[in-house]
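Here the chain labels run A, B, C, D and E in written order, and each chain numbers its own residues starting at 1.
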């Protein structure tokens, strides 16, 4: 049972990692916590679901579609809820509150548009396929999620460290002023980052929606809070931290259920971040000063 | 010998900001600390006032070790400071700013403040009067409608001094008090510093305005690259070739 | 090349510079000197658009640039090496230099990189090191090298000698002179007055937000007022 | 008169006052510049402590409510020591996490009855009604029904609580402690350099906020007959936060106005209930973009003072 | 421009403030209780219509609207419904009940959706002497609030034991695992009933696992349960979590029967869980497949109007309004709350779509439940 539970933890954790990646990108560049990321994730799940259900597209096309739709949503959020705050000197709590506002708005918009019932992907869209590895069982979607989140982590890391735009993002993350001086159009880079993070949220939405096969408007909150916990646990703005933190949280939750009391499972995530904030406020992989490398 | 610095060093992440600086300050003196930008002068102030601890060395005040003592305790021991980049409580009135300074010399807590007990009222009255007197001393009007942050620059600098004086310090550390002041303001400042000395207080001064430094200080300590390169009276310092080099650059490259 | 007239910038209610007129002719080194808090850095930041100037004109290559976004100004050919260098601490030396050439798409970037490495061999040695691990002098070299990677027509240097050991300062000034001789116009803010005036063609003295003195560098250097501003005269105690 | 004494309006007025008290609780922690999102957690500690004491141990309400508050502030001091080393977003998230942990613990304890919550809590109104009939007014006073009278009395009790809190805060602001709070809010390290023990005062503000949140929790338990863990979840935290955000947290009147508006608004928007929360969300975004300091700030007051002052002179 | 925009915004907000305060004082004064006959009876409905549980409120509204149209078409009595949203929130439920009683002057109330809301808002109605009937408040002790509080929702204590008993007999259960949503009052209450029923039937509980509403991952609990090899799994939760539990359980190879509380009794369960729902057992008064004219007509009408099969929330609300209509008819007044209460309490032999119905002396429903099992994607009676 131990190994099966470990696999359960890893697969659960990989969904957390996937959600946390988007958080961490925005945190890294803008130094804010995007409380609306969970709701963007939820929109991604719905867009994917609608594409698969009504346009009967392939699941990967649906993922691409959800990514584009969420990226657009992210762009809207940046222009309406984040950029106006950057123009004036406001406390770092203002974006937190503003994105909470966005999250409330999006959740209720989704309730209005999609209705409160949970909806499912049509059968045959990958969900439910199981793979047996010895005594261990794992679903195909979970393998895909694990693969995609690791894949995205490596692609992101590569992209950020090797490409021109990736480097511009890192420069902006270190200092908006310096980036400006080097001739980087920082507004554009920030827009791109938010769009990218939101797009990642969209992909995560489709994948998680597929794996649990129940998509509904309030799914963003609980997933969002988990992602937030991972963000802080792994270290703000650190991609490896998001990845490892997500896996650790997943395993910790599963083991709490397996070998402890399942009713305390919900306290694990926040217990962990409270603990880490007291012991190592910068998180598992974060550096203690802003001087260290971001991402 | 009130304040003694003994072989004080500080490094940040491997980069040395101060190396083995030693000097002493005697009661009633005005001591200037000068040196080019980035020489480590403000770091020195931060070490003395306990903002962060030195990497090595000792700092003592009246024989009492200052290491590991939190800034608010250092202040209540009798060392108060101003900041290079003005750090007033911008939204509060000038009077309230000064009254905050009196915090460590007063006692009333939540309970007494709530019921305005006679002792609290007496204390409050005394604090207010003293604060008003200090505002008058530094020449800042007490206009409760103007928050400290909207005062003219020069007044803000002087208000910071009044706030530091309200802590009833024996030593006051002024970090570039004349920055951004014009000539007549600087002259007023010089008179103010002299007055503070007359009140029996010791003054340590970081300043770039050489006119002021040369005219007001009894003694100067010159810091360059985190090292003390000279110490002496203004006249001695002005003739010191090391100092001239540090300030104007070498004659020949 | 750069003509400033009536430039004013404030922080909140505090006026930091109050109507500055300044000219930087093509091919020259112009030095802006003044005490701490006089407004030198504010001037520099206003020029490149990091601070919004309230009034005045900034003409660069006969084009009004006041109010343009910083990245537009960079693309016109003006680069600032800021005070405190602003090295990208979490990126390697090589990446720092590459970011200098962010806007360039031509094929000579590599050649320019070689040039910077030739000028500062230490940077090549440490090109895979994080910028934050360099010493102060090396960081200054990196900052200058990075600015050069943009191939600026006008290079603004804000206190390049700050916090550097004398030997390094001498090196930096030599490099500045070389860069200028290779055709880049330079506006230099310095505290190291003597050095600055020695390499500059023209000089402006800034006091509490106003230009109080300007002229040919050697004339300014001889002016007693400069000496006094930096080492002070001794007035009788009152 | 009938309109004012309509129980619906009385009830809303009661909730306005309760929320205003919660607004004061977040205001007090914000007075030192710390954003604590743990107020819902403290509220739940207060509510449960008080409900358990009054329902199960039969303690009178007037003892139960303050004890609930004290319990909340006691817990706040324990978690405050480590938590207050954190600042800004970190503190906000850690306290948010604290609220969640409290919720899970409440769900798991026997004494709190888990998700079922505690029902049948004697109401303040009923207690007052009983007291009234003991005094010889079983059918209310002066032509009012017993229910109206007791509701009115509840309103008066809450109004007294709130007035006391406002009195407390204004007195506090004009005292040595209040100046220390304001100084820490403006610039923590400068405040410390001016001789203020910042740890002590931050902890004090934190504990005072928790005390008031705990008292509000106890009051709410006795106003709603029932408490369950869901009442003190994330949504409640956000609700309390919005009081301060909308009203402004510079002055005590800010969160109170915020509580007033945000308690009345949903009632007014009942017809547009589906859009209610969307409007809420959009409002928060707009506030941050256009008026991050909230509706009422020091400038607003100064502006009106000047304007009215001029008006008086003319 | 920026400044003026911000000023404009502030002005707008202050305007809203003034409007709200003005609106508070100037609200329409409630009309005095009129005794005129023949007018339509005004009933208030408090339901969870926005937020996470809006699906339940929506079903209830649909059932009520359908019943209202029927009653008004019959013409014996006219009913007006005033809906208020409770958002699943106690405070809002209290405000809604207060508004309906004191501002809209309703004669009776239906709702609120959640038991917790009833615990908070029920006492208000009871104090004010307005009958209130829960259609989905199944938790223990709801009607203990007072004699104005009714419910036609079959409490778990009646339904669950039937399902457990039947399952034990049919599948010869010896040891079972139990799962429930620990942050849902209603599910916890169901779990407690379930536990007692199992004990009464001498079945051993080998594992008790919890989860939370809105959880989506049950792999850890189910892996643990699978390793213990129970004869059956009992689940107490809302349909969404129940469906996901079923799916995951089938995925990891748990093939034993599942017995659920009321949450299982929803077409959504089958919709979400699909094939995995096969073999799920639940006891319910509501069974759309029953051979009964009344039920058939209701299902057909509902389908025609809303294009879906009614769930038990819709069915019980539908019945509730019919019960109210019967009571109103009997009381002979459309405004007298006391009379309405008294006539409600005497309702007997009422034939609704959820079966034969009467109130017991504690105003709980006396009705039979049918034990259902999911077969071929349909609820069918377990015989």
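The rule is short, and it goes like this: contacts are C-beta pairs under 8 Å (C-beta built on N, C-alpha and C of every residue); 3 or more make two chains touch, one makes a residue touch a chain.
Since the structure is predicted, the reported quantities are computational estimates derived from the model, not experimental observations.
Undergrad: If we look at chain C and chain D, which chains touch each of them?
TA: Chains that touch both chain C and chain D, as defined above, are A, B.
Undergrad: Just tell me the minimum hop count from chain C to chain E, counting one hop per pair of touching chains.
TA: Between chain C and chain E, the shortest chain-hopping route counts 2.
Undergrad: Taking each chain's centre as the mean of its C-alpha atoms, give the chain farthest from chain D.
TA: C
Undergrad: Express in whole angstrom the distance between the two chain centres, defined as the mean CA positions of chain A and chain E.
TA: 35
Undergrad: Roughly how many whole angstrom separate the Cα centroids of chain D and chain E?
TA: Comparing mean C-alpha positions, chain E is 32 Å from chain D.
Undergrad: So, what's the distance in Å between the C-alpha centres of chain C and chain A?
TA: A distance of 42 Å separates the two centres.
Undergrad: Would you give the residues of chain D that are in contact with at least 2 other chains, written as numbers and ranges?
TA: In chain D, the residues touching two or more other chains are 107-108, 274, 276-277, 290.
Undergrad: Do you know which chain C residues sit against two or more other chains?
TA: Residues 132.
Undergrad: What residues in chain B touch two or more of the other chains?
TA: 13
Undergrad: Following the definition at the start, I'd like every touching pair of chains, please.
TA: Per the contact definition above, the touching pairs are A-C, A-D, A-E, B-C, B-D, D-E.
Undergrad: Hey, which residues of chain D end up touching chain A in the complex?
TA: 35, 82-83, 85-86, 88-90, 92-94, 96-98, 100-101, 103-105, 107-108, 234, 238, 241, 245, 274-278, 280-285, 287-290, 292
Undergrad: For the complex, which residues does chain D have touching chain B?
TA: 168, 171-172, 174-180, 182-183, 186-187, 189-198, 204, 208, 250, 298, 302, 305-306
Undergrad: For the complex, give me every residue of chain B touching chain D.
TA: Residue list for chain B touching chain D: 49, 51, 70-72, 75-76, 80-81, 83, 87-92, 96, 99-101, 103-110, 112-114, 116, 120, 123-124, 127, 145, 147, 163-164, 167.
Undergrad: Under the stated contact criterion, what part of chain C meets chain A in this complex?
TA: Chain C reaches chain A through residues 48-50, 69-71, 74-75, 79-80, 82, 86, 88-91, 95, 98-100, 102-103, 130, 132, 146, 150.
Undergrad: Which of the residues in chain E end up touching chain A in this complex?
TA: Chain E residues touching chain A: 50-55, 58, 182-183, 209-212, 214-217, 219-221, 223-224, 227, 240, 243-244, 247, 251-253, 268, 271-272, 274.
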